[in-house]
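Naming follows writing order (A, B, C and D), and every chain is counted from residue 1.
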Amino acid sequence: MGMSGVLRPGHAAIKVLDLDEAVHFYTNVLGMLETGRDSFGRVYFKAWDERDHNSLVLRQSDRAGLDFFGFKVRDEASLDKLESNLRAWGISTERVAAGEMLATGERVRFESPSGHLLELYAEKKHVGTPMGNRNPDPWPQGLKGIAPIRMDHSFLAGGDVAKTEKLFTEVLDFYVTERILLDDGVTSAAVFLSCSTKSHDIAFGLHPEPGRLHHVSYRLESWEQVLRAADIMSMNKVSIDIAPTRHGVTRGATVYAFDPSGNRFETFSGGYETYPDAEPIEWTFEEMGSAVFFHERNVDPLFFETTT
Amino acid sequence: MGMSGVLRPGHAAIKVLDLDEAVHFYTNVLGMLETGRDSFGRVYFKAWDERDHNSLVLRQSDRAGLDFFGFKVRDEASLDKLESNLRAWGISTERVAAGEMLATGERVRFESPSGHLLELYAEKKHVGTPMGNRNPDPWPQGLKGIAPIRMDHSFLAGGDVAKTEKLFTEVLDFYVTERILLDDGVTSAAVFLSCSTKSHDIAFGLHPEPGRLHHVSYRLESWEQVLRAADIMSMNKVSIDIAPTRHGVTRGATVYAFDPSGNRFETFSGGYETYPDAEPIEWTFEEMGSAVFFHERNVDPLFFETTT
Amino acid sequence: MGMSGVLRPGHAAIKVLDLDEAVHFYTNVLGMLETGRDSFGRVYFKAWDERDHNSLVLRQSDRAGLDFFGFKVRDEASLDKLESNLRAWGISTERVAAGEMLATGERVRFESPSGHLLELYAEKKHVGTPMGNRNPDPWPQGLKGIAPIRMDHSFLAGGDVAKTEKLFTEVLDFYVTERILLDDGVTSAAVFLSCSTKSHDIAFGLHPEPGRLHHVSYRLESWEQVLRAADIMSMNKVSIDIAPTRHGVTRGATVYAFDPSGNRFETFSGGYETYPDAEPIEWTFEEMGSAVFFHERNVDPLFFETTT
Amino acid sequence: MGMSGVLRPGHAAIKVLDLDEAVHFYTNVLGMLETGRDSFGRVYFKAWDERDHNSLVLRQSDRAGLDFFGFKVRDEASLDKLESNLRAWGISTERVAAGEMLATGERVRFESPSGHLLELYAEKKHVGTPMGNRNPDPWPQGLKGIAPIRMDHSFLAGGDVAKTEKLFTEVLDFYVTERILLDDGVTSAAVFLSCSTKSHDIAFGLHPEPGRLHHVSYRLESWEQVLRAADIMSMNKVSIDIAPTRHGVTRGATVYAFDPSGNRFETFSGGYETYPDAEPIEWTFEEMGSAVFFHERNVDPLFFETTT
């Protein structure tokens, strides 16, 4: 009862082409807080309002993209139950040992029909926020860069969105909040899924190649902070993909940009609260432009195609 | 798994001294949408982004205050399970017939240790939003008054907050997000509880009399909308209790005011996202002022004492 | 001494292709207040915070564009002095009789080197604001559409920007706040001029054809109102040219769109306060993109070329 | 013609009880930039968007309060003309030598009927902004504390407001934008004066003692920045006088607080643009509360009485 099973998006593990450059970028421009480095050379970050040890992990590689994306579940019992449900549904799982990621317990890893490596885990060390838990200030002074509140969601691109949606709704107990339809009026070009009251915790979109990262999204407090984020990006010559605008889907306000390795990220505010008893919102093929960018009412196919 | 059991605060039933005056106020100043009237003379309202038929019910009475406060649960099975759990915990329940409230299914009613009449229900007719579910606009044009997004939570005052907290955490699977302590360092003067990722879905505070209403809160989109709300209140000579400020608790931004019958209400924005695995934030007795009003850092005892 | 001579941009007279459609648009979408119609069939509007009778005049024509743009001067003595200064500088002037425009005194009309019909006038009837002058509310309830505070400035495109700049600085006592340079590092592609503490009251840009209207700009209160403006445009299927972003020049936040006749307009907030003793800001040719759109850091030549 | 004579409020010279504490406060909490110290031990500050060398000067003293308040005039000719006008009007003036204040030219000093030491000056060294004058960013990164855009105005309390108003309107060519009336319906309890398009550049209020400082005001960009200012004050245990609200007068949004010596200051955003041809807004005695604090609709007499 209550919130059980999957609680939230927990960590995004991202491949970058130049680790030093990436660490500088995520620290000083995006404004994440570095929380550790491991023996594999991976660098861990959290956002200031997150209590867990990390939500972003960078690894140097010869190509950009997503290593894996993990969800925090409520407890070990949930982890076991979800693993057995995944297997019953026909998904192979493996366990990654506790400690393989810093401050993180055992992970159940599986591949989604969309070709992404996903994970569930029940334990991640609470390191708390800079404000502490006793008479806390509303936000910490001395942050750098954009300084998002938390890692919010990811949009993953790949094949078989329909089966991935079924996996998330039937096994992981997410619910669909919105979908964008293809011109057949039936197939989802993109589907937005929530395991909470957030307008989305994960989204999937069709892409010719499996396992692609469209973007990881970081939450900001307000539309004014979205402007500030875009300002900071330009001041730092960040490659901005889409300047401040509103999504039709989720109503959220957004700026899209690329990290130095070409991984797209989003700084995002707003979006409604919703519940599993709400019927999904549907966007028709003709209104796909408004669905994605409510003001432009048009979306360049490159926006979908460009992934890492 | 996922969101089950109690989903959200669903309806507040409020007693008013002059129904016509109250309907005018809630329609034109607060900006709720009237959705029906029943044979008992009650008037039903929803906020524009709510999909259910009603979240506020007004009834004329010779004294102001709360009739009852209801929570939407996910389904009939949850309703049955929660009722049997309540009884097992020693709480008497009764069923109110479907249809007794407009567009609302059978309700399980019980009294909290704090002396409030609370309800659970699984069914309320979906009437949707003015924007619809297909290619929706982000918000509807032509709203009146303050026009909150949704009814957000209620703060109830009464006796035995400790036992009420236990009821909500042990039986209804809420979790404590924050508490304000008395000078004994142990007793909660107020406790804030969530059944979602919201910073609070319900709160209870100590009061010498049981069953008191401190306020019903309505969500706004932004701090700028909080200013606009206060402006509209002043333009309409609404009795404002507390002008725009930030809470320490929840970080939310707030204006408190009174409806024409003296029922306090709040227009509220912000507040963080949280999860059941977060440890509660504690405010010490010495910092109670900052907990309640972060800028004033002081709270007049009348703020707690004045209830309906 | 003090503010004398030219006080402010006062009226924009615009040609539209279909007057009824235009009146509907400017009333219900942009949210100007109609204040009168004259015997020539012209329709007059003001913004809600303007005290003068009109700031926008629409006239039906077989082509879109600017009829003329007028500046309010402090008094008749200023009008006479400025007229004689214009003539001494070699600019022909003519007087348009008081009353030719509704509620407007005698106008001194002249053509700028850029090929625009400009006017000065000392009298326009004060009709006041909806809030009145005694214990006023901060803003009026019941407005429609975007509802700008006031008409802010115009950007006019044509030839001989250099001579036009000299006219405005030497004769009309404007001062240059910013300029965007061509690749010769000397010639201004665009120049921004102020007669007040506003970051611009008028601007001129090079264009192959004389007398072109790039846009009339309307002031909004905040960046959140800029978002709302873009939302309202999309809800009403207005042709949006540029979605919310920030200018490098003036720092202002902006949305550009077209009225139903294709006349570009801007809804604008922010921009700094400046003074005639400040040295102009210069944008180099290489940074013209950032100068115009600070986040995109690129400007499509069509943005300059498309005028009416 | 154009903007001549007095351009703007230029510098506030403030007495503080502990210079080190004050420098720490104005640097790290208010977020002004220190620009120099002189042989008298005075410390000079500017706000980030000001181009002149200083707008705030602190001097240690055994009592808090205002030393003097200065206005920048357009040029030496204006300075001479204004001085001779002051004398003709019966005001004694004296010249303070160039260089007596750092980076500042000769000043014409006089005492207002309200008992304040005021100054005019034509020269203050341009040190520019951190963003520079060539392809500037919209704001500088790395600021500390509240970081206002500029010193905006001062509210001075003392005797003979009526004669002071005449001095400012008849000699210095300011114009009255608003006044709050006493219960005789004639006498101004407070008068707000502008020499620009700002809603006020200086204000005077009745006080039993002459030469009192009610507050110096610093401009912020937005209502969200007003919230942030109040947050920063509370985080730093600054004594807040009035938490975020809106003024009826000027419509501006405000937080009032005290520096460590007890000098009140304001962080302020908004306010309308106005012009010398606008009739003043009047607030009746009965609505004095709304005039000062539009939401509270009440003002504690201590708010006026407490001055330094």
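Here, a residue touches a chain if its C-beta (ideal position, glycine included) is under 8 Å from a C-beta of that chain, and two chains touch if they have at least 3 such contacts.
On a predicted model such as this, the values are computed, not experimentally measured, just so you know.
Chain centre most remote from that of chain A: D (centre = mean of CA atoms). If you compare C-D with A-C, the chain pair joined by more contacting C-beta pairs is C-D. With each centre defined as the average position of its C-alpha atoms, the distance from chain A to chain D rounds to 47 Å. With centres set at the average Cα position, the gap from chain A to chain C is 43 Å.
Our note on geometry: chain C versus chain D, Cα centroid distance of 31 Å, whole angstroms.
Among the residues of chain C, those touching two or more other chains are numbered 138-139, 222-224, 231, 234, 246, 290, 294.
Looking at the complex, you find that chain C touches chain B at residues 137-139, 141, 222, 224, 231-232, 234-235. Of all residues in chain C, those touching chain A in their complex are 223-224, 227, 230-231, 233-234, 240, 243-246, 253, 255, 290, 293-297.
Taken together, the chain C residues at the contact with chain D in this complex read 1-8, 49, 51, 72, 74, 78, 81-82, 126, 133-136, 138-139, 149-150, 172-175, 195-198, 219, 221-223, 246, 248, 251, 270, 272-273, 275-284, 287, 290-291, 294.
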